[in-house]
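What follows is a pair of complexes built around chain A, which joins chain B in one and chain C in the other.
And now, the complex of A and B:
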């Protein structure tokens, strides 16, 4: 297993190099001028423009700019934000906990509700409760997270006044309260897909021969579902959940913006708007690394859950 | 597995519910919460160049001179200003001013602060204000002398606004951080979320015991969220409320929306550097073909006013409004007259019409203007294509950073606004002088340029007005811009607070939250 993980981590290196080149040049393709962005709708002296261009290395060729950036990143030195004039790692470090907590909470909500709803639907296949819950899952799957975020905010913050309309709170307990609506918004789409997969897999499992044998032995239905079928159901759920978790980090950008959470997503949007290349490049490369890492975690979890895959991987080594 | 998931969920739920109870139990504190649309650039005065950073730094720091709500100037850190000649300003500092660490204000602090702005390599975005400054020197224990290269009627405004916040030299050298002499001092900041300032206990400039104990700036980029937070009472004040949701704010009983005349001008700029709009008769035809007054009355309503055909609104008439009124009455204008518009077009190189684009951004007012142009120019055979871009792209077009294949500004028409400082010539030089990046019309006229350069060095306002009118008499017949409206400024405050009149233009630093009071 250790060799397998090492091999996978080694494969990250070329993926990250290619991603870094792609990210760097894609961001520059927009052609936006960072200095004009700093200037806003006001004036800037030519002397200041020249000084800032030099300070931000914008007077160098794109290739040189790339090597300055990637060289610094490899030495652990993040670039300095054009707008905030401080190293991007400091900006990211202050905002990352909010984003991670949001994604973590939304994932927990998604998994809990997905498995619960999926199992209820499977146990009541084709009955009214199954049809209603399945329709709810489809509704969430087709609702963009930012739209759900606005609806939840208008209902639970503006109309009912139960939750704050923005912000992430000042301590862990406040964070949980403040992040409840955002995490439900973000988790809804994840829940929908996982819930539908749980339902269909559980229906398949319940039709398997070993389940018939258990029924014949008089084993109660809930025991069959939870003790025997659930593990088999979880394998595809983990796969999908892992992939969706990566997607949730990207999806968090919009939800963070609506709820003004001040996380990585907010910073990324602000960076894009102000052509703050160091921020955009650093966050996107960080997201790429996170995505690769999550894929690895999913693969390891997959191995742990399914002995057949574990055996296959050991054999292939 | 199910037990683990269930346990985690239950723990989360319990924490959440306990936080709900905890939160609702928290008592009210006399704080004033301000909604900003983006994070501040930092606490370095040289970065105070955007509508989010300025309202924070202007509470921490002071200027040598300050603006009064009626647009005048009065000494602040300086007790007296002497001008022995047209290029010398001697600031005699007050001897009772202290920084928030208790240290007294010295001439060294003022010289150091101003020189940091003036240094082209210092990174201060406002450095252009110091291009005409020859020297900044300490000429006494509490005296600073600023010498200009040539007389300037704008320097007095520079000393009163964001390009001249004074901070403590000694404190910066010891800690690397800036502190000022303002009524509030920095307490904490959570990047991307909030900035908290607390009231000084030893403020040098009068009794501030009734002022808010804390100013909390919340960063809320989304318009819908900002409006919800204002209506919920989570935010007390928005200096720049979202224009597209203003109606909703006006309708909310818990909020007071102030709507007052501003100094700004909203215009349609013709790109005089290329294509059909380089033809003066085309510009006159377009100007005459649209009923701007009808547009302002029916579409803008009371959120702006009809222009008098000149760029300066009455709020920017300076010390001699009578002179401006007289000029405005006699200035060349292009009132709505479709017959005249057709005549102008017939005299142009495009008598059968043409296709042109107009750049607008997400500001709904700009889009309305684009649509109005599109609809009203059809009878002339002029087909207008609306190019709707983001605010940032709009800035790029505005300042001439997006060019066509021939190196000309990449648009035919552009809807935009200009917010001048409180100076009668604050629109003239930026919008009309050749080569200025803010000259959105790419307009150029050597005679007008010479007059503009001259008026900027005249200190007597009557003599200066004469030069400005002379320049405008050259410019206005060329119709480089359509003056659409003088937009009002708005701010929104929770009805539980009272304030004196607040000047709240986007770049303003005249917002003194120390004057806010909790209504009794």
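And now, the complex of A and C:
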């Protein structure tokens, strides 16, 4: 097991290097001139233009710029944003907790509702309850998160006045309240897929031979479902959930925009709009790292939880 | 006798398909059926509520919302088709060739796709939009490329199954060139599954493009697609909620129809997914003759 984890962690590093090169050169494909977008309305003299170009290392070759960037990141030194004139890490530091809490809360909602709905559907397969709940799941899969966010905001913030319509709180506790609607909107799409997987896996599991044996023994239905089948169901659900969690870190952009939460997604969009390479590069690599890291955790958890896969993967080394 | 043995006609899928066709035809025929011109302003009707004059109300400039949804739909649907077509033009040949030939080429293509799939597609699209520039063209190219790896993977796995079948061996022994076999023999046999994937991607493309426009990275004003209209509408959420809700509902409706239709087609293509007959709820067990009749009927329904 330890060797397997080590091997996976080792594979993580080249993936990160390749993504960083890819991100850097993709971002630089753009023709937008950062100095022009930097100056805004005021005119720049030729001297200050040259000085700025030198300050941001834009006079060096792309390869050199890449090594300056990646070298700085490795030493924990983020590049300086063109627009805000601050190192990007300082900009991120105040925004990251909001985004992470948003994603975390939406994941908890998604898992809770997905498993509950999936199990109810599976227990009442093809009955009216199942049909209605399955239709609801498909509906959520077809609804963009920003639309759901707008609807929730309209009903619960603007009409009923139960929740704030924009902005985030100042600390974790306040945010439990401020981020409730945003996290529900972000979690709905995640819930939809996980719910459908829970349903179909549970139905499959309930048709297995061992369930037949349990029924013959007279084991009550809820014991069969919760004590025996649930274990087999949870593993694929957790896997898919983990992948979706990575997607949600990016998907949070939309919801953050509706509720003006000021998370890193907002910063990324602002960076894209103002051709601010340092912001775009740094946030994209940060999100990629988080995403790859989550994949790694899920993969290891998957191997650790499921004895069948553990046996297969460890012996195949 | 109400039996579960009859293959249930895919009523829901048919309704979804009809609705989708209606949306597409209405958008295509926008100049004919729209009550107003595309950007005809009428400041007197600023933020008018839905009424006989303005079916779905009017926006701040007094432009008729129903008209704008029809014209916006053209932008949304055409660019979504553009996204999927772009990904198909790159992805299908790549998947077919790498699946058929295998070897070094396949290894490179597969590794590359694995890497891109590991990237959330929205993040990939955002980076690509940054590279190609904001605006509809950039967004379409970005999403199109972001969709390629998944399609390559699907087509490749279909090709892997198909290439070991007898007809391919026969074609090879006759001496057809590999390219001829790939595109004339293998591709048509995978086409049904690819078409379903194509349609599913279409729904996802509508959602993603709407998302990019919503963030201000897709369509730029004065052109508007459904996503951009939704984004404009949220500034008037309290006085005129329909401005945001109507474009949103059309997005959901179109995507829902596409997804439902695809589910229906998949079920039709794959009998294993059709609901099996259940005898549990019968109070008294079936007579042997009844069972035989039911089995026969089921067999007939499946075309055996």
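We take it that the second predicted complex is superposed on the first by the 309 of 317 C-alpha atoms of A that agree within 3 Å, B and C clash if a C-alpha of one lies under 4 Å from a C-alpha of the other, contacts with A are read in each partner's own complex, and residues count from 1 in each chain.
We take it that a residue touches a chain if its C-beta (ideal position, glycine included) is under 8 Å from a C-beta of that chain, and two chains touch if they have at least 3 such contacts.
All figures in this text were calculated on a predicted structure; none of them were measured in a lab.
K.L.:
Of the partners chain B and chain C, which touch A:257 in the superposed model: first, second, both, neither?
P.N.:
both
K.L.:
Just chain B (first), just chain C (second), both, or neither: which does A:273 touch?
P.N.:
both
K.L.:
When the two structures are laid over each other on chain A, which of chain B and chain C touches more residues of chain A?
P.N.:
Touched residues of chain A are more numerous for B.
K.L.:
Is A:200 in contact with chain B, with chain C, with both, or with neither (first, second, both, neither)?
P.N.:
neither
K.L.:
Could you say whether A:249 touches chain B, chain C, both of them, or neither, answering first, second, both or neither?
P.N.:
Second partner only.
K.L.:
Mind working out whether A:174 is in touch with chain B, chain C, both or neither, as first, second, both or neither?
P.N.:
After superposing on A, A:174 lies in contact with chain B but is clear of chain C.
K.L.:
Scan A:29 for contacts with chain B and chain C and give back first, second, both or neither.
P.N.:
A:29 contacts chain C only, not chain B.
K.L.:
Using the touch definition from the top, say if A:164 reaches chain B (first), chain C (second), both or neither.
P.N.:
Only chain B; A:164 stays clear of chain C.
K.L.:
For A:91, using the defined touch cut-off, is the partner it touches chain B, chain C, both, or neither? Pick first, second, both or neither.
P.N.:
First partner only, chain B.
K.L.:
Taking the superposition as given, does A:48 touch the first partner, chain B, the second, chain C, both, or neither?
P.N.:
first
K.L.:
I'd like to check the shared interface: which positions of chain A are touched by both chain B and chain C across the two complexes?
P.N.:
Overlap of chain B and chain C footprints on chain A: residues 31-32, 150, 153-154, 158, 257-258, 269, 273, 275.
K.L.:
In the complex formed with chain C, which residues of chain A make contact?
P.N.:
Residues 15, 18-19, 22-23, 26-27, 29-32, 126, 138-139, 141-144, 146-147, 150-151, 153-154, 158, 246-247, 249-251, 253-254, 257-258, 268-269, 272-273, 275, 280, 284, 287-288, 291-292, 295 of chain A touch chain C in their complex.
K.L.:
Which residues, counting only chain C, touch chain A once they are in their complex?
P.N.:
Of all residues in chain C, those touching chain A are 115, 118-123, 126-134, 203, 207, 210-211, 214-217, 230, 234, 237-238, 241, 244-245, 248, 251-252, 255-256, 259-260, 263, 275, 278.
K.L.:
Where on chain B does chain A make contact in their complex?
P.N.:
1-2, 5-6, 8-9, 12, 15-16, 18-20, 22-23, 38-39, 41-42, 44, 47, 49-50, 120-121, 123-125, 127-128, 131, 190-194, 218-222, 224-225, 228-229, 231-232, 234, 390-393, 395-396, 398-399, 401-402, 417-419, 430, 437-438, 506-507
K.L.:
Would you pull the chain A residues touching chain B in the complex into a rising list?
P.N.:
It is residues 31-33, 36-45, 47-48, 50-52, 55, 83-86, 91, 94-95, 98, 105, 108-109, 111-112, 115, 150, 153-154, 157-158, 161-162, 164-170, 172-174, 176-177, 180, 226, 230-231, 234, 257-263, 266-267, 269-270, 273-275 of chain A that touch chain B.
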